[in-house]
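After the structure tokens below, expect a handful of questions from me.
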Amino acid sequence: MDYQQILENIYQSILPYAKEGKQADYIPELAKVNPDQFGMCIHTIYGEICSIEQADTRFSIQSISKVFALAMCLSIKGDDLWKKVGKEPSGTAFNSLIQLEVEKGVPRNPFINAGAIVMSDILLSHLDNPEEDFLAFVRAVSGDDTIDYNEAVATSERENGYLNAAIANLLKYHGTIDNDIESVLHFYFMMCSVEMSCRELSRAFLVFANHRRKFSYAGVELTASQVKRMNAIMQTCGFYDEAGEFAYLVGLPGKSGVGGGIVAIYPLQYSVAVWSPRLNSKGNSVMGIKALELLTTETKESIF
Amino acid sequence: MDYQQILENIYQSILPYAKEGKQADYIPELAKVNPDQFGMCIHTIYGEICSIEQADTRFSIQSISKVFALAMCLSIKGDDLWKKVGKEPSGTAFNSLIQLEVEKGVPRNPFINAGAIVMSDILLSHLDNPEEDFLAFVRAVSGDDTIDYNEAVATSERENGYLNAAIANLLKYHGTIDNDIESVLHFYFMMCSVEMSCRELSRAFLVFANHRRKFSYAGVELTASQVKRMNAIMQTCGFYDEAGEFAYLVGLPGKSGVGGGIVAIYPLQYSVAVWSPRLNSKGNSVMGIKALELLTTETKESIF
Amino acid sequence: MDYQQILENIYQSILPYAKEGKQADYIPELAKVNPDQFGMCIHTIYGEICSIEQADTRFSIQSISKVFALAMCLSIKGDDLWKKVGKEPSGTAFNSLIQLEVEKGVPRNPFINAGAIVMSDILLSHLDNPEEDFLAFVRAVSGDDTIDYNEAVATSERENGYLNAAIANLLKYHGTIDNDIESVLHFYFMMCSVEMSCRELSRAFLVFANHRRKFSYAGVELTASQVKRMNAIMQTCGFYDEAGEFAYLVGLPGKSGVGGGIVAIYPLQYSVAVWSPRLNSKGNSVMGIKALELLTTETKESIF
Amino acid sequence: MDYQQILENIYQSILPYAKEGKQADYIPELAKVNPDQFGMCIHTIYGEICSIEQADTRFSIQSISKVFALAMCLSIKGDDLWKKVGKEPSGTAFNSLIQLEVEKGVPRNPFINAGAIVMSDILLSHLDNPEEDFLAFVRAVSGDDTIDYNEAVATSERENGYLNAAIANLLKYHGTIDNDIESVLHFYFMMCSVEMSCRELSRAFLVFANHRRKFSYAGVELTASQVKRMNAIMQTCGFYDEAGEFAYLVGLPGKSGVGGGIVAIYPLQYSVAVWSPRLNSKGNSVMGIKALELLTTETKESIF
């Protein structure tokens, strides 16, 4: 499979969508990003790496960080994690309070905001140096020690994060989180602020694509079965209320973020990261989803 | 892979769960079934067939019929189908009216009852002899001309089907269905009443596992891409509000029915059907889910 | 108090609103009514009767009939009625299925459609000749034997009444109603189709305004306390999700219907009926509400 | 009417209910109160004052304070208040986030927690010294300068007030409140912590019962129409999701608090306060509601 050629073809095909959608602007720091950017990179498990355009430009990974958090939480708590958070698709927007109230403070899955806030709380309780340890894990899986938080973004989110503060307070009310709300939200926003390029992200997610290899990075250890199950959760819950659409169009497990990044995994074959800041109405990158749809159509490869 | 041995091992392992759960009893005809039965059958795309226990006993396939209906609707309407029904997981019980009211009469996906009622309406509008044509298709994919409706079950459901009648009326109110409610519900319950054995079901679903083969049965034609996308929908929506759990534990696309049957697909490898009437609180077969979990654990094969 | 003069002043004041709003048109029979009509009539407990404009034109009383049904149900079942229907304001539109599903088939109050369908079922079960008996009661309280159903309206509603049929099926599913759905809906729509003029309605409601008088009409008997409590229910539940607004602006218990009629009661003083077909977005008569607001403002009389 | 005798009769009649229900214990300070207390006091507009039992024991008025806040907000903003908060009964528990999310940050009415938090924000924005000014108004209407906040209760609530903090954050997210969340919640909990006796409360509420008298206290001025409309809001929204039940049983506008106090108003006749800490499942005083039901039954006086 000539992935490089395929990526280049894809890029030509999606150019007509370059001005569709609108970048996230709910915080000043994200609104500053030039929306007319696009990058894409594939890492295969055989060592091939192909990339196009701004594959080396770093961007705010936002919710993609929840996958790293899930790996750490599973490593720490194993299946006990599921006592505090579910694993069903939410069927509603990622930041809804309704479901959380109805279900008495147990978030539907780890990838909606409420679920990620619960994971932040768990990491705060179990890690010696939460911020350092989280970063160390991300750097280990992506093999790059320069990856870092963007504190300006984290601060900007925290200052405007009333909805996430509402969620955290509701979780605290139901006794789902243990630490104080300020610390939990601070750590949550720090995780979301990590900046990575498509190349770094696709390399990092290769560890989730290759469950045959021992998973042990910076003290985070997972069994093959756990890695596969993380893929299952990405498949059913990775795209908010567009999870079904993404499975239908692309057919790969993955995770998106409001920074415009998407990573997807073809188990035992490759991981791919794509980035473009303009989002559709569900909060997913327009060109990103289009590019991944074409990738599985062109290669005729998907998990189905 | 010695599937026969694996099935036999599985059977031994799940025996402790033989009395867990409760069979569907909301209609007299289903309540009559002996709950202490179990069957399982695998068809691989290489022609292998393995089965254990009551793999040849027919049972009411109920919601599994919705997969056949989806194949026919996609063949008839193509992507226009998605104007009348969504493809997102529902996040709620399969028979909830709430979501349908909030979303103004567009069912969340084709596998919740509302979605299947919409598909019934489409088939009624487009088929010359809906009941004969549906049965002809099921018989064609399963290669067995003795498969048939159970009118007693259909009648029993129709007489007690107030919730489905409520759904159909709400769909009619929103203009989502065209035919008269009585006819739509009659056809819907007929489809659900089809009786098949595990052997027949797993053979029938082999056509969805093997998208490389031309899909053309009794006039129903699908492209490879459409077949794959049907798998995607089974993955995200096939198990009501247990779709995430099933993906996590089993990792295969599939569909369950309240008769206690479950079929699952490992694309380009095999299809498997399992049946046992006792259901968990989500309406899925207890032993069935356990057996499939063990199958993918033992074989180390899943889509993830 | 010179009510005649007050009514005439009111009429002048509300003329600017004569073209606001839109009459109900969900059934052909209601859409045929000339929307530019207005009538108003007061009956005091001292025997005074004042009226203006088309106070003698009959119109479809629609949901106002639910008050008559409530009187009959309370007479038959007493406080046992409240086992099948609540008495809290609904906080949602009068025909919502959501609340009914969440609350497992017990309608929030007797004045939302679900509640009135339950009352229809009760009357069907307890009256010898439900249609004749209901009409006899309405004729008795209004002192006019020519009041009658409009079968064309009832039939028209039944043929398009998918939402009410959905509600009835949901009630049947939950076991809240005993009779068959067709009969219940038929009777429900017949009750709603009764036609009365403002003069007849205000006379009829005088019996609810004067709880000091013995309440015994056509076999329907209520205690003073029951009559007062019916007023309480009209106060909190009589105007769908505009109950608070009506209490705020008008300050009298009452009941509205989509035919454009409103009746209100000033206990131990008067009953008043007003009619104009154009409705606001909540389904209440625009000129009707305005007229009643002015009535209590001008007279400085309200229950508060 | 011999109110003193009636009160004494009532007390005998409700004694069997003395151990029913459970006092609020969600904060330590409220849990400390001896639950086996009862007091009741009536003030008529003719100057009569009758009381029984612990009518002079002060307790935490909690949500009853929202009526004072509403008077101040109406005085400041007039009908503009209704742009920020509705006036419809909520149909749900007083602290639900669901409705607030669905209705995009506009609380259903001023008496649910969200509505009172919005009023706190308004008072913070418009008063020179919010805490002093609020207290001055309460002291003025009750004619007692020793009435005060209980800072221990306020602090205790603030420290455990996660649900109210969630509500405040959601309001801030929707832009409904202007001041910072900490200050708004601080002021909100201070208002709720005011301690008054039944005698003081019934005297204070006399000003709402007598709309014929000029309403001008400590700078808060209301028209007769505004006072009457406050009664309308107490009638439809004063008892959370038991508003209909209270109207049905008691038939007077009023307001309850989780401290076990209830005040009710018979316009142009009397105001009455009752207190007993044990609450029913809806958060209203068991003996309090019983006592008021008997009061209107015995006196045969209600607004209906």
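Going by the order they are written in, the chains are A, B, C and D; count residues from 1 in each one.
Here is the rule we go by: a residue touches a chain if its C-beta (ideal position, glycine included) is under 8 Å from a C-beta of that chain, and two chains touch if they have at least 3 such contacts.
If you're wondering where the values come from, they're calculated on a predicted model, not measured in any experiment.
A.B. asks: Which contact partners do chain C and chain D have in common?
C.D. replies: Chains in contact with chain C as well as chain D: not a single one.
A.B. asks: If you average the CA coordinates per chain, which chain's centre is most distant from that of chain C?
C.D. replies: So the chain farthest away from chain C turns out to be A.
A.B. asks: How far is the middle of chain B from the middle of chain D, if each middle is the mean of its Cα atoms, in Å?
C.D. replies: The separation of the two C-alpha centroids amounts to 55 Å.
A.B. asks: When the centre of a chain is set as the mean of its C-alpha atoms, what distance in Å lies between chain B and chain C?
C.D. replies: 47
A.B. asks: Quick check on chain D: which residues sit in contact with 2+ other chains?
C.D. replies: Answer for chain D, listing residues that touch two or more other chains: there are none.
A.B. asks: Which of the chains are touching one another, listed as pairs?
C.D. replies: The complete list of chain pairs in contact reads A-B, A-D, B-C, C-D.
A.B. asks: So in the complex, which bits of chain B are touching chain C?
C.D. replies: 96-98, 101-102, 162-163, 165-167, 169-170, 172-173, 181
A.B. asks: Flag every residue of chain D that touches chain C in the complex, lowest number first.
C.D. replies: Within the complex, chain D touches chain C at residues 86-92, 99, 108-109, 211, 224-225, 228-229, 231-233, 235-237, 241-245, 247-248, 251, 253, 267, 297, 300, 302-304.
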